[in-house]
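Notes to accompany the following structure.
Should a chain be cited, it is by its letter among A, B, C, D, E and F, assigned in written order, with residues numbered from 1 in that chain.
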Amino acid sequence: VSRDTLVRWLNEYLNVGAFKDPSLNGLQIEGTGTVRRVAVAVDSSLKTIQHAADSGADLLITHHGLFWGDPLALSGPHRERVRAALMADLNLYVSHIPLDAHPVVGNNAMIAQALTLQNTEPFGEWAGGKIGIAGELPFEQSLQDFADRVQKLTGEICLVHGGGRSPTVRRLGVLSGSGAGSIAEAAAMGLDTLLTGEPEHKHFHDAFEYGVNVIYAGHYETEVFGVRALAARLEDEFGLAWQFLHHPTGL
Amino acid sequence: VSRDTLVRWLNEYLNVGAFKDPSLNGLQIEGTGTVRRVAVAVDSSLKTIQHAADSGADLLITHHGLFWGDPLALSGPHRERVRAALMADLNLYVSHIPLDAHPVVGNNAMIAQALTLQNTEPFGEWAGGKIGIAGELPFEQSLQDFADRVQKLTGEICLVHGGGRSPTVRRLGVLSGSGAGSIAEAAAMGLDTLLTGEPEHKHFHDAFEYGVNVIYAGHYETEVFGVRALAARLEDEFGLAWQFLHHPTGL
Amino acid sequence: VSRDTLVRWLNEYLNVGAFKDPSLNGLQIEGTGTVRRVAVAVDSSLKTIQHAADSGADLLITHHGLFWGDPLALSGPHRERVRAALMADLNLYVSHIPLDAHPVVGNNAMIAQALTLQNTEPFGEWAGGKIGIAGELPFEQSLQDFADRVQKLTGEICLVHGGGRSPTVRRLGVLSGSGAGSIAEAAAMGLDTLLTGEPEHKHFHDAFEYGVNVIYAGHYETEVFGVRALAARLEDEFGLAWQFLHHPTGL
Amino acid sequence: VSRDTLVRWLNEYLNVGAFKDPSLNGLQIEGTGTVRRVAVAVDSSLKTIQHAADSGADLLITHHGLFWGDPLALSGPHRERVRAALMADLNLYVSHIPLDAHPVVGNNAMIAQALTLQNTEPFGEWAGGKIGIAGELPFEQSLQDFADRVQKLTGEICLVHGGGRSPTVRRLGVLSGSGAGSIAEAAAMGLDTLLTGEPEHKHFHDAFEYGVNVIYAGHYETEVFGVRALAARLEDEFGLAWQFLHHPTGL
Amino acid sequence: VSRDTLVRWLNEYLNVGAFKDPSLNGLQIEGTGTVRRVAVAVDSSLKTIQHAADSGADLLITHHGLFWGDPLALSGPHRERVRAALMADLNLYVSHIPLDAHPVVGNNAMIAQALTLQNTEPFGEWAGGKIGIAGELPFEQSLQDFADRVQKLTGEICLVHGGGRSPTVRRLGVLSGSGAGSIAEAAAMGLDTLLTGEPEHKHFHDAFEYGVNVIYAGHYETEVFGVRALAARLEDEFGLAWQFLHHPTGL
Amino acid sequence: VSRDTLVRWLNEYLNVGAFKDPSLNGLQIEGTGTVRRVAVAVDSSLKTIQHAADSGADLLITHHGLFWGDPLALSGPHRERVRAALMADLNLYVSHIPLDAHPVVGNNAMIAQALTLQNTEPFGEWAGGKIGIAGELPFEQSLQDFADRVQKLTGEICLVHGGGRSPTVRRLGVLSGSGAGSIAEAAAMGLDTLLTGEPEHKHFHDAFEYGVNVIYAGHYETEVFGVRALAARLEDEFGLAWQFLHHPTGL
């Protein structure tokens, strides 16, 4: 399929124009005009770009891109990343917040579905909108049993802060990546537990003082779902072969 | 000693007016007019404030305060913290960036001294200034041996990212707390290793792509030094008894 | 009635989310969980807070709150106000611009109703919206007779600047508090007279050069109506007893 | 003397470039090229401009000018003011903050001298600098006696808010015009009394809660001194005849 | 017709409130209250204002006004322009962006109509909206033949940059005045040719590197259409006589 | 010579840190580590980059770079420019405002020297500093004769706007590139003539209404001097061969 067709379809499907995200969502590096093979990954690190090129992909789709609001000189690691992609004629397409927030293939939508959340509603304020999901478990579960389910889902051990009034989970907020700043919002909505990715020292006390259980399942681990679901959707739509490039960070 | 004398001395000694820090550095809660006993801690959490009050302190000095730039309604955890201090007539004095950057009792100055850094220079840009320290070890050391020294200093296990061109340490940057964003600056200055507190997913690849070893010794663990050194300085100056309240976060 | 129920009702009834007001409208101090008795006042000064506490109120509702956009250290008068409320377990609820602008219990709506304004329309720009009311008297009146009516309404003497082309009142703008800056807007709308609260030197000449009669009835005097009407509405809705705490400023 | 010479001298003498004042200090309306007669006034209202023109002045110097930061269409009162000056070929020179703050002919310097303040220091923060003066009376005086002195100086009755811990004056802050917002600063500097021009409702409680006596001597009344002293200085320097145009506002 | 009626009609017809334009669109100088004769021009230079006054016009309508966001002292050329209008009691009405963007009498709408564009759509981003027009010619034309048509329309020679992939015109963007910054937008929309007014060095390479033909027909020449069409509309609506004052700049 | 040595020397010689310029002055594309041959040009267009690569240069120095404040996706012309440089391992060093303002090799310094300006002083405000030069010719010259001298210097025809009170040149301001916005500043400094590069419609009337002669010698033509003088300086310092790549824009 032609790259331009694919990019237009992605921009529309992911509703790119709706987010005030400094990540420059969309095609960040222009490569070959025809796409036959897709690779997806969480980060657009040098390793991931080289891996994608070596695997014969024409298009790499990542959650984290090259830019965060400021122009970058083509030197050091940024030069190496750009150079590796250009040498291989590899396209790089980036979808940051749109892929956290997407109602079908978003990171949070995928996690909420895997955990069978019910009566879901928007949660997790970001730049004037909400990009996460809150909902109810079908039955109450102990915090430990629930953390086990999350660990089975991600394959990694979670950090559990049992700040809630009781060690059980019923009303849950899901916010992929760096969501520790939303503990207060979870408390205000009456959620007993927050599932997010990365802990931050400056929000350590929030769990205990707002009385909310918090499960930190890893920034990387909570953000693998969106790019994989998006790739599967592309396979359905365009019959494209794809693979997921696993480069965990342990954070 | 009178509280007003103490506050004036602290503001001047820590050069509070020199920093564009939204933390509202200075006396954040006014308590009793005479200070006989001091407690110091990293965070001004509810637990720390109650501990300080129970220990009979008249003044609690912390690195992280109650405010980060916006007004807060007196409800939820913020209300509990303020209420606990007012009920105990406890003074709360906060010194954030000034206590990272101070040349004698600053977190970074204390760590640099403990690691016997030489030929030191400013490092770690923050709001137009530099608040950390770079320097040389007296002799080259393997990254692992150096990490062991850091672990002895803090008493906690470090996370080590061996991104540097060689697994040895000679030129080191020290930046307490959340300093992963300064890896590029370390590389530009020709440092082989950065010692900081808290890892961040979005800077994970920087260590490996800029070619810098990074030791994450803990946000909390790298920020206990300043408040303790400041308390010792107060003891010298005013003969005040003090204690350190240890409430680690594991982050 | 429970405090949380009451706060939710007030936030919705006053449409708090619709105003870009730095006053932190809503619950500013959290007190007892059950509200049996309400006090209302114009300002949240120390005197008003103490008066409310002494009168046995569980909730004080004021027009002017504690915050105007910046965080405040808990010292000096601000500490005394917070401390007095916390000691008495008194809730403080603040409604600034929402209570000027409310179509039923707003300061301007109440004054317009008392003066029997007809054919009313929005007037008084503030941060992109209009918070006052303009309209017509049922019959033309001399400026002096009209000022007498206003004085009967507030119980205080008015300052009258007869800048209008004729000393009569027919088309009136009402803007409680500090509204002298809207004389130009009144002229542009063809109003002959503006009724507001507080005079300002820098707008003194506007009355005479734009040709508008201006009646300054007092900042305090024009802002007693909203909190009283709101309290009466609470009595209807929840059967709560209330009283108005009168602490005039003479300004 | 030529207008251009005069304007250059005024800009330099008043140090116009040093103030971040949106008032467009300097020549606001260009008139005749030779100045033989000067008029000075507090405001540049239509009445003052016409009075200056009728009196045969070539240059009107005022404290308050035509602009406060935004462009104005040439319609309504603004058109009338500009038109009156252009018709009469009258120059209008404006000096706002520079004439509050000037160490010799400034409003505050003149008041401080008339009240024989000693050990003076800067007071009254405005846009990063201080434009008022604090100092000590040669002997302690009762608040009432001191207010009488102020009344003799201005010729008008003062509004006195006796918020101070004792009804006497020894350490005084002087801030012409609208200075009620500096009561907290006065308290922090240990002043017992503030002398300023215009009261504001929103700072009413400050006098009583910060414990500072405040004398409101009138916005207009406290700002007549600077323009008169400047005119006298011009007479010395250039031998120019001048008169003061008295148009009080009562505010 | 009365000036106030006319100004209200113009503000509404041109939808002045819809544009975030610092040009102070609307009546910029207030003149006589009754308008019998109208002059229109591109710029409000001294020459145009004097010409309008000499021709007996009561109202001058221009595309470029006196203000661009900052207040201006009444000195130098600005004083001369204002003075000339006030002396002649001439009204000055300005319509900048609203008159580029207007769907009927706008500069771009008029040019698109003269060139018989079909299937038109918005083009030319400006402050969040689009103020130009894109569309298709009824038949493909060589770039040179098309440039000849434009030259016949404006009466002036064009500067032609043949950067497009082929030297023909089919899909055209029209953006009056200074539109060289929109070449990238034209390429993204698949336009082969851009017609605008003024060239800029910093966008010289865009035509050749984005592959878009650009015809620079003159800033002045592309902005004569709107004011003339607006005047004709006023003649229809109010029966007013008018003339166009031609003062080309050659730019 | 090594690239890093050269870049450090350039950054220091051009005083890069002193300018608030969004152009990302410095090394914009990192190429080979050793520099043997230098090319210089005004613009970093695709044509210039290819020309530099074809000519065997290791380093291209330009006045206009790739970035103007915002991050750019690697697509379209920007991708082509970056790709061409990376493929050839070409370094790109950019110096925008620092090379207009430099006292020795700056565009304005070179022009002022060629025209034998005397008693020079700073002129041409840009972001809080002055980047051009004003001075006196050794003898008065007719505007036409002076324009001939400028034409000999640049080799191109000038556009001459004879707005000055007399058609002679004595006191001259020089501002390379886009300097039409400084006509008012030239008038205020008493200059009779401004020499700049690119005309702008919106400043057309300034020459005639402020009474200043303006010579527009071309944006490109006035900016060839700095890069050539800088290259000559590099030849002196490091013995590097260089050539100037001439790609005029005619603007």
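What we mean here is this: a contact is a pair of C-beta atoms (placed from the backbone, for glycine too) under 8 Å apart; a residue touches a chain by one contact, two chains touch by 3 or more.
Given the structure is predicted, the values throughout are model-derived calculations rather than measurements.
Shared contact partners of chain B and chain E are absent; no chain touches both.
Relative to the C-alpha centre of chain A, the farthest chain centre belongs to D.
For the touching copies chain E and chain F, the fraction of interface residue numbers used by both exceeds half; the interface is of the same-residue type. The chain pair from E-F, A-B or B-C that repeats the D-E interface, sharing more than half of its contact pairs by residue number, is B-C.
Its C-alpha atoms superposed on chain F, chain D is turned by 120 degrees; the angle is given in steps of 5.
If you average the Cα atoms of chain C and of chain D, the two centres end up 32 Å apart.
Each chain gets one centre point, the mean of its Cα atoms, and the points for chain C and chain F are 60 Å apart.
In terms of their C-alpha centroids, the spacing between chain B and chain D amounts to 47 Å. Residue positions of chain B with contacts to 2 or more other chains are 76.
Ring order, beginning with chain A and continuing to chain B: A, B, C, D, E, F. Every residue of chain E that touches chain D in the complex is listed here, in rising order: 24, 26-30, 67, 69-76, 79, 82-83, 85-86, 92.
By the touch rule above, chain A contacts chain B in their complex via residues 43, 45-47, 64, 76-77, 80-81, 177-178, 184, 187, 197-202, 204-206, 208-210, 219-220, 249-251.
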